[in-house]
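So that you can tell them apart, the chains are marked A, B, C and D in the order they are listed, and the count of residues begins at 1 in each.
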């Protein structure tokens, strides 16, 4: 029996000990009508060899693409050690560290993670993870509503330069509580939220969300935005890419006072693309908001003999203690991804992380040059950016992307649906994993496809005159 | 610096402590002319990301074949747990367990392995591995020469049904010591060593090697061969496939007294095909020969407090103690593969192993039927066999194999070079990993190729009359 | 020792850093970080050694019996990991076009179908990333449903007092008021109170069945009728699905919406806290509200359904499509079990729990519900020991660690004083269960003769008992060395 | 507890067994096994848990400093493992045709080239499966060479008394008589004796340089001249190549044939005993005798050279082509190091050894060769402590385990009484080396004040000190429970 160790003899002994005749007797409290379930449409069990074959085939079907899509999920090199250690049974198959003394491995690692994240973001406090970047933003919004005691409006300003999915997810999660996400337009030249366009008197606003870099890869004027918000008693929620932080001003140092809450997608720190998950959301904040923080937090303490050790702390914020008054309903988080991220950061170190960021950016810059040279392709925004850029295509993007995909190339992320006003736009990213040859492959493929589409579009028309 | 942790400050402090100015000073005892080495033709170092790319590409080049080759290396399903545990750092990066107290993991595992192998072969003693099956046979021959005190001839009888590479390797390793491997012909119908053809008075012979199944997959008359040998004071060296032992009489039960020394290739027990290695050679023997055994042996003993524990034992046989009088020069063995094999056997259990053997054999039987139905293909030997069979082709085998390989099919192992008398023969194997569809793929491909080759061979010739 | 304490300024793990420095001088100075983040600077070996050794300080399924009630700590097949980590799956970008995604989509589609069939629901969405997010999706769907019916006066969610904390917390997140329903002495919902509390304000009820008390709610059909008649919907917390997998379908019990914890019932690993996956299944009337994306099949091609296709959807719950890698693991597991295998899960999980319960009772421990069958878990109360010997459930829990067993869940559910909620799961063998009960007996003896021994436990872990109060009072949440 | 003690008759790990039983009734009963082999019958989880926990009982590079002299226990990069285990490499059958093998062959060909270049030899064969097999191949080539020259009166191999046991054992396997050459007080070969021993019977000499005494043989060029002039050849035992990698080439020292331990210098893992790889490199005159197969490149295509192409080859050493997977790991490592990286290996390995040697001397330990530079390793003798305090090298070794350090090599080389051969390798950082010396000092103190403490060590391992004598006397080599 798959994964069931019982022998017939043992089953007999056990039933005897219980005092029943059959296993079915153990279900005798369940109303008879309910236990007749069948599940005939589920296929019969197969063994590991057979499912191996299926999975190898299916993985093979989708494999070996050349990927220039980013848009919140980035292909970075992940050191082999990261997942070889992360999937060790002791990390992989442990539960949430409720029995601290038997979970010091996970707990110390999480404490180290918290430390790394506070250092990367220049904030005081980090929790031990949320589900992903988008849902972390939703939690940040809820947290801001709790934390900003001066605001009653539950009004959150959200620039349209923020990842569209993040806006959707945040709305899904917070709107039932009467929280309103009010969108701010972006500057069509710069592709950023122009601080000059912010109202002098915004009224009662709970928080302003500032992405850095924003969804277009463009850098926002984080200092001015932060100061403007603080001047109006508005909390600042930063949404950042942790790899970018190796190069960019950490949110804790934005403007005069720094951001109040920081969140983002942890995926770039050691998580494979993996169809979008599991990733992890990170969240940091200033010390004074620690009791509003959702999710688990690990603290350093001492044992009976005074030796340092680590344990879950401030649990009174959490659902298993506070129930309907908890800061969030989150229970299971993304611990294993945090394990990977911690090992990733330790293996890269400050200089390695900086080089990953710089090298990704340099590759994207080279790609910008190459694509810029193609007729019918133009870079859309002119402001400084980080490792991702928007291109407009004169020809139908759908056709181009389809043609690329046939060659195994994922050309980028289409913006048409979420930003119809931009027209035929594609968000393109080249991380440190791309070689010069890869960049040329994309550029040349686009060149070829454009020519072909151009030709198809204007079939040689018999000249009339 | 790759894998070197030193900071500049540390290097400075260390040089100071030593009392030299530079690292180069530490090489000042080496004659000056020697230290000027350069290695200009070695490429510059690259990082893990770059070598990853290269290795992914190269692995991809050779991947996703459908393999019907056996001939001493068999594609079996390997449970995922085997290598996930085997490559845990504690097994993967430990040395030979010289400090027993700090190596109980490896030592207990090896003791369990020895136990499993004695049970599988029905022998008294197992060592903890040799390099591979072929070199294990060479060691078995050397051991037989030491063990058979009644024989002075150093003459070993080796049937030609033994794997040709085993015969070559054994010769390479033992011939310098004046040991002669005398080959015995096989029966051309049966494909086996016919006991009836053995001489009534063989003279002074040290040992007889008996493969089961033999290289052709054919089953030898092991009982009669064994009894014949023992009747003439000849030791019996069995060469067996450990998976086959799940179905076949274990060598310890061959004939009246059983084989004296048993060896073979451990690869089928959890080692991937991996281009031929690393695999491991196993060796078992009767109790009275234990002091002639080459390689490491683990014993169970007790500690200061009487608690059981495991340690290397009978080291006086080995080179590090006995030096020029050691039973073998072997030092490093194939420990990690034995780790995999032990876990493999534990995961499969007696019944699982039996099903693997039976299912491999059943697949090969089905394949025999399918191929037998193709014109110009015929099975060569008529005796009972296990999971591998020889086919003769009317058309040139080289062309057929080339055509198969273009479709990603490895059709089998060619016998032409080692058995020219057989003509165009191919050794074919279908393990439990093959589905009915796989078998059909091979059969249909062979059918198509045969027809095409046939057509090419006899181009439609204009009828003369 | 912390990784930071192994750090030395200037150390670089060269094989993991891109080789050349890039200037990035196009990024103006005003946006640039002034100082590198003080991450550890260690060699690759230092990091590997540090984290390998840290890992060894954990208890885990791969090393210990872990009978944590409500958590379903069963064996996580290694094949599920290996096969979900194949390069083709890891490299797929979430925005890859459908023609480069058919392999992955096929797995997701089939998983949806399997989950539908085994739960008896009409449709399934794989989007939620954990149980709690599944609960959120479920309750938000209930809300959306009432709203779509212009029935917005329903402001309350009923939750039994035995419920997991995520239930009331979720109701709050959906802006519902939580009404607690008491449990009767036999562990069932108090029907009389339920009848009183239910009414036109009732949006729905959240039930866990089997409940967290380790018993099956016998009046489930009656409860369903009561709530449905009042116009409310029934939410099924699937955390305990392992107890009835393939035997009883929540759909048959009358539930309108359910979540499943794949990291429990479908054996995806807990990873020291996560990730999990909390797919939701719904009855016909809630189908339009399912969270997106969904995987659809048209002929032999798979594609994603998004908000555009599902205008009434309660929305999107993650930036992409949830914890895909976890879903792959669950898919592999489900295929290995097959339909017969699922039923066996419920049967042997139940056998193990009832066997342990019988042994514990014989060994002199008080059961919380001695008159009842255990489901896949059961509760022991140490109230007597606490009163008579001054040792509590926590002391027993800590002492168990010294004997090489992870402790059961303690102090949950809150209803039962000094409780241990024990869930052995189907993957443990009799010898282990026997061993656990023996040790519990031994500890009970120790409690009589040497209670201080228990108070001081554990003794054999990397640390002695930790000071939780100090941790919360003198907050030290990040290293500042 | 042994895995057999967890076994229960009739237990099957179903997911790992082919689903259906097959009769195999075509195999006559006379060939069939009468009774199943008594392998353990455990569930998958039982096996996983058992072996995971066993693994934790090991010291290893990934968990401990492991300064085992002559063994080069350095960091085994995880990338080497991951990349060599890609499905394409694992699935390749050794008899796959060349057109389905170009990826693998390319790696092998380039590795041959790298090893040639870094050792200064003319040609390399990757065939030998460990150092000792490399030695065998090397000495057999010497023999084949003399034979080809009809110079068969050469029946002796010279071996310094400090040599590793595999050297004399190998010579014997090739049917040579072993003549031992003594070492002088400074650790160099005694040249006078060498001159006396060398002669027309000399087939060759086997040298390790740096020697196993942790010093570089300063008169190597003179030795080469002496032996060559007598018509003998020079064999280089490359076990200590790490000390001079990229700095000094054995080819330049005058060696005719060498082996390399890739599991030392090229950082492939030791795996608790193996596998390794022992490629051999040769000078021009030995090239025809190299073991097969070799990988050749013609235009841009790779193929194997076998006996057919190499009629003078000393032969084939394994059924296929040696430890291919180990060779892949070494290839990945060599590419990551590159030419500069190799030189740095020698430099920092030497720096670490000399630094530790200086610290140990300061700490009051006696060095075996105080006047010499350490190479990548060095020897401490505890003769004084043994004489004065009655504690020996083994006692120090066992006590070190309690402090979390693996012991250095003890009682080898045999020349130096109560010796510890210490090899830190380049991958350890200063803090670790400092820590080790501190602990050695602490143990030396314990030895003075409480020698019994050392005799009873270790105390913190899974077992106390084991009775080796009993193990050899009351042989228990397989479980019969």
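Simple rule for what comes next: contacts are C-beta pairs under 8 Å (C-beta built on N, C-alpha and C of every residue); 3 or more make two chains touch, one makes a residue touch a chain.
Because the structure is a prediction, the values reported are computed rather than measured.
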- Item | Of B-D and A-D, whichever chain pair has more C-beta contact pairs | B-D
- Query: Between chain B and chain D, what is the gap in Å from one C-alpha centre to the other?
  - Reply: 21
- Message: Based only on mean CA positions, could you tell me how far chain B sits from chain C in angstrom?
- Response: 46
- Note on the structure: Note: chain B sits from chain A at a C-alpha centroid distance in Å of 48
- For chain B, which residues are shared contacts with two or more other chains? 1-6, 10, 46-49, 52, 56, 60, 64, 77, 79-81, 84-85, 87-90, 432
- Message: Please output the residue numbers of chain D that touch at least 2 other chains, ranges allowed.
- Response: 8, 11-12, 15-18, 42-46, 48, 52, 56, 61-64, 75, 77-79, 81, 83, 86-87, 336, 427-429
- Message: Graph shape for the chains shown, where an edge means the two chains touch. Line, ring, star, complete, or other?
- Response: complete
- In the complex, chain D touches chain A at residues 8-12, 14-19, 42-46, 48, 52, 77-79, 81-83, 87
- List of chain C residues in touch with chain D within their complex: 6, 8, 15, 43-46, 48-49, 52-53, 56, 61-64, 75, 77-79, 86-87, 336, 427-429, 431
- Item | Footprint of chain B on chain A - complex, ascending | 48-49, 52-53, 60, 64, 77, 79-80, 84, 87-88, 432-433, 435
- As the complex stands, chain B meets chain C at residues 1-10, 46-49, 56, 79-81, 84-85, 89-90
